[in-house]
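Sharing a structure with you now.
In this document, chain identifiers A, B and C correspond to the written order of the chains, with residue numbering beginning at 1 in each.
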Amino acid sequence: MLDISDLVTAYGKIDALKGVSLQVETGKITCLLGPNGAGKTTLMMTIAGLLHPRRGSIRLAGTELVGLSPARIVAHGIALVPENRLVFPQMSVRENLLAGAYQRNDKVGIDADLERMYARFPRLKERNEQLAGTLSGGEQQMLAVARALMSRPRVLLMDEPSLGLAPLIVAEIFNIVHELNRDGTTIFLVEQNAHMALQVAHRFLLMEQGRITFKGMPGQLAEAEVIQRAYLGTRRAVG
Amino acid sequence: MDDHVIGVLSNIGVVSFVALSAYLLLLTGEISFGQQAFFAIGAYGAGVATALWGWPLAAALAWGAAIGGAVAMLVGMPTLRLHGLYFAVATLAFAEMVRILFELFRYQVSIDGELVGPNGGEGFRNIRYVFDHNIDAFQFLLLIYLLLAAALLGFVLLERSRLGVIFRMIGEDETLAGLQGISVVRHRVLAAGIAGSLAGIGGGLYAHLTTYVEPRIFDVMLGVHSLAYGLIGGLGTALGPLLGVVIDIGLLESIRALAGYRMIIFGGFVALLLIVRPRGLLDETTVHRLGRGWRQIFPWPRRPNLNRRGNNA
Amino acid sequence: MIDLIQNTIDGVMIGSSYGLLALGFTLIFGVMRRLDLAYGPSIMIGAYFGTILYLHYGAGPFAVAIAVVIGAAIAGIYVERLCFAPMKAGAAIASMVSSFAIWMQLEQAALLVLPRHTYPFPPLSTGAPLAFGPFLVRIDHLIMLVSTLGLTAVVHLTLHRTRFGLALRAIIGNPVAAHLVGIDVRRAVLVAFAGASSVGGAAGFLVLAVDQQVTPMFGMWATMKGLIAMMIGGLGSVPGAVVGGVLLGIVEAHSQWYFGPQIRDLVAYFLLFAFLVVRPRGLLGCPPDSVLPQKA
C-alpha cells in the first residue's frame, strides 16, 4: 500500500533520514521501532507532507506523494495521529472529530462515522461537549485517533501513541490499534514501547540514526535484543 | 569634508547608538520597540546638564547615559516575566508614555535674561554647547565616532567574554540557562541597563548635534526603525545594525532625486530582503563563514577556546 | 454624576469602534501568531479609496463604506502575501519588521496620492442627538454601536457555524494539526487576512464617518488603538477584543473629560502597560505561554 524508497530528509545540513526504504502492507500493522533521535517522527512528518524530502519517493498505491501539500496527502488517504496528540484545545470533542472530517461533505456519512466513533470510544461520547484541552492524556490520545479515523484513511499513521500514558491506558490504546486493524485499517505505527508494539505488529522495522537496520517479523529477533536496539541502538564493538 | 556629508555621517553615527541598543536586547532574546525612550531621556538629560546647569559635555553625556541606564533597569524589572510579543508591546507602551510625559515636561531656567529649557510640546531649544565652546561640525563628528568605536569595541569584547555567552544563552533558552545556574533576572536587568545607557549616550550626542529636541521625534517610528536596522543589517554581529543604519540613511541621501518615493522603495526592499534573509544581511551563518575565511588569513584574535582537549576549533 | 454617566455612554460608543478595530487585529494574530504592524495603514488605504469616491464622485456613505472595506481587504492581501506568507516558521520578528516596512510604504504611497493634511468623509447622519433624560446620544454614535455589535455577531457566527470558521479555529488552536486534518492552511490564512482587514475597514469607516475626516495620522492611530484594545481584552480572543475596546473607550472618555487629550493618551498607554505587567493575558485571553510559539 505504502511504498517508500530512498527517502532523504534534512534539517539544514544534517540528514535526519539517510535513505530510508520500506513497505507498509495493506491490511497489516507495521511497526517502526528505534531510539530517540533516530528519525522516526521525521519520517512520519515527511509522509504527512509537513516536511519535504531532499530525495526519494513515497508512493501510496502507486500515486507519488512527495511534493504534495499536507492537505492533498490527506485527500489521497493518509491520516497521521501525531506525537503529542495535538488536539484542538479550545474546540469541543465533537468539533475536533468534525475537523477530522474536514475534507468530506457527505453529511450522512459523517454523522454515521461520528456515531461509530462514539461507540468505539465511549469515553469520548461522555465528554462530547467538553473542551479537548481539558481531557486527560489518554482521552486526548483516543480523540486524536478518532479524529484521524474520521477522514476514512487508507493508511493510518500513528506516532508514539503510548507516549506519556499510564500502563493501563497504554494497554487500552493497543487494544484499539488491534481492533482497528481487525476491522480492516492498514496501520503504520511508530513506537518507543517495544514490548507492547511487538504484541500487535505483523511486521516490524528498526530505525537507527536515520537508517533502517532491521526488517522482519516479531519472533525473528529475540525480544530482548529488539528492546535493547530500540532504546539504545546497536552496540558497537569496543576497541 | 563637505558639510552635507558631515551632517549625514553624524546622523548615521548618532542613530547607530539606538540601533545597537535594540540589538543588544535582541541578543538576549527580547524584542524592544521602546529604546527611543532612553534616547529621549539621554537627550533631555544631557541637554539640561549643559544648557541649564553649565556642565561640561563629557559629564553631561555621562549623566545622560546614567539616567538612561537607570530608568531602563527600573522598567526592566516589572517586565521581567514578559516575553516575546508581550514584552515588545510593553516596551512600546512605556516609550509612548515617556514621549507624552516629555510633551508635558517643563523645566525652564532664566539664563542671561532668557528662558532656557524643555518647554513641553514646543521642545527644548538652544542646546548651544558646541557653539559656545567652538566645536565645529567635523570635531563633533569625530567625537561621535570615537564613542561609537568604543561601543563597538565593547561589543567585540562582549562576544568573546563569558557575559556575552550568557546573554546569548538567555536568548536561546531562558529556562535552560536558569537551570545552568545563571541568574536570568540579574542578567536581563543588566542587559536592559547597558542598552538604556547606549541609547542615552546617543541621545545626548543627538541633542548637542542638532541643538534642538522635541518630544515628537522620539516616537514609535524611531523605535521600530532601530529594531529594523539590526534585522536588515544582520543579527550576527554588532556591525549589522550599523550596516542597517548606513543603508537606510545613506540610501536616503543618495536617492535624493527619488525623495518622495524613498519609503516606497526602501519599504519594498526591506520586505523582499527579509524573505530571503530573515536574520539580515550579516546573519549568524554569513558571519561565521566570513570569520572562517578571515581566520585563514589572520589567525588572531581568537574566540574563547571551549574545547579543553587542546584541539583548535 | 451626570457627567460620569454621559462620559461612560460616550466611552462605550467610541469604545465599540475600538473593539471592532481590535477584532480584526486579533483575528490576524490568532491565525498568524504574529503582529501585523501594517494593519492600521491597510485600513487607511481603504479610507483613502473612500474619500476619493466621496470627493470626486459624491458617493453616499454606504458606497464609501464598501470602498473602504474593499480597499482595506486588498491592502491586507498585499501585506499577507509579502510579509507573512513567504516567511518560514521561525521568522516572527522578520515578519513584524517586514510589516513595519510595508507600513511605511503604504503611508508614503497614500501621502503621494493625497498630499493634503485632511480629507473629508461623509457623515453617518445629520440629525440632532437623541435625548434620554439628561443624557445625549449622537445618532451616528448609535449607528456605530449597532454596526459594531452586528459585525461582531457576524464574525462570531462565521467562526462557530461555518466550515471556514471551523478551519480558522483549528488553525488558531493548533496549526500543525490543522494541516493534518486536511485543511488548506495557506489558503485559509489568506482568506482570514482579507476578512480581518475588511472588519478593520468597516471599523475605520465608522470612526472616520463620525469624525467626518481622514488624516495621514490615521494609520498609526488605528494600529495603536487596535493594539491597546486587543491586548487588554486578551490576545486572540474575539469577545476580548470588543470588551477591551469598550473598556479603553470608557477610560479614555473620562480621562479626556477631566484632564484633556494628552493625559487621555497617557492613561491609555498606562492602562496597557499595567495590564501587561499585572495580567498579560488581558481580560479574556489565554495565558501567554499557551499563546505564543517559541521565540523568534
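Quick note on the criterion: a residue touches a chain if its C-beta (ideal position, glycine included) is under 8 Å from a C-beta of that chain, and two chains touch if they have at least 3 such contacts.
Quantities reported herein were computed from a predicted structural model and do not represent experimental measurements.
K.L.:
Would you kindly count the fewest steps from chain A to chain B, each step being a jump to a chain that touches the current one?
P.N.:
2
K.L.:
Give the label of the chain whose average Cα location is farthest from that of chain A.
P.N.:
Relative to chain A, the chain with the farthest C-alpha centre is B.
K.L.:
With contacts counted as defined, which of the two, B-C or A-C, has more C-beta pairs across the interface?
P.N.:
Between A-C and B-C, contacts are more numerous in B-C.
K.L.:
Could you state the distance in Å from the CA-based centre of chain A to that of chain B?
P.N.:
The answer is 50 Å.
K.L.:
With chain centres defined as C-alpha means, what is the inter-centre distance between chain B and chain C in Å?
P.N.:
Distance between chain centres, rounded to whole Å: 31 Å.
K.L.:
How many angstrom lie between the centres of chain A and chain C, each centre taken as the mean Cα position?
P.N.:
Spacing between the chain centres: roughly 42 Å.
K.L.:
Which of the residues in chain C come into contact with chain B in the complex?
P.N.:
Against chain B, the touching part of chain C is residues 35, 37, 82-83, 86-88, 90-98, 100-109, 112, 220, 224, 227-228, 231, 235, 262, 265-266, 269-270, 272-273, 276-277, 280, 288, 292, 295-296.
K.L.:
Can you name the residues of chain B that touch chain C in the complex?
P.N.:
On the chain B side, the touching residues are 26, 29, 31, 78-79, 81-86, 88-90, 92-94, 96-97, 100-101, 103-104, 171, 220, 224, 227-228, 231-232, 260-264, 266-272, 274-275, 278-279.
K.L.:
What residues on chain A touch chain C, complex-wise?
P.N.:
Residue positions touching the partner: 48-50, 69-71, 74-75, 79-80, 82, 86-91, 95, 98-100, 102-103, 147-148, 151.
K.L.:
Can you name the residues of chain C that touch chain A in the complex?
P.N.:
For this pair, the touching residues of chain C are 163, 166-167, 169-170, 172-174, 176-186, 290.
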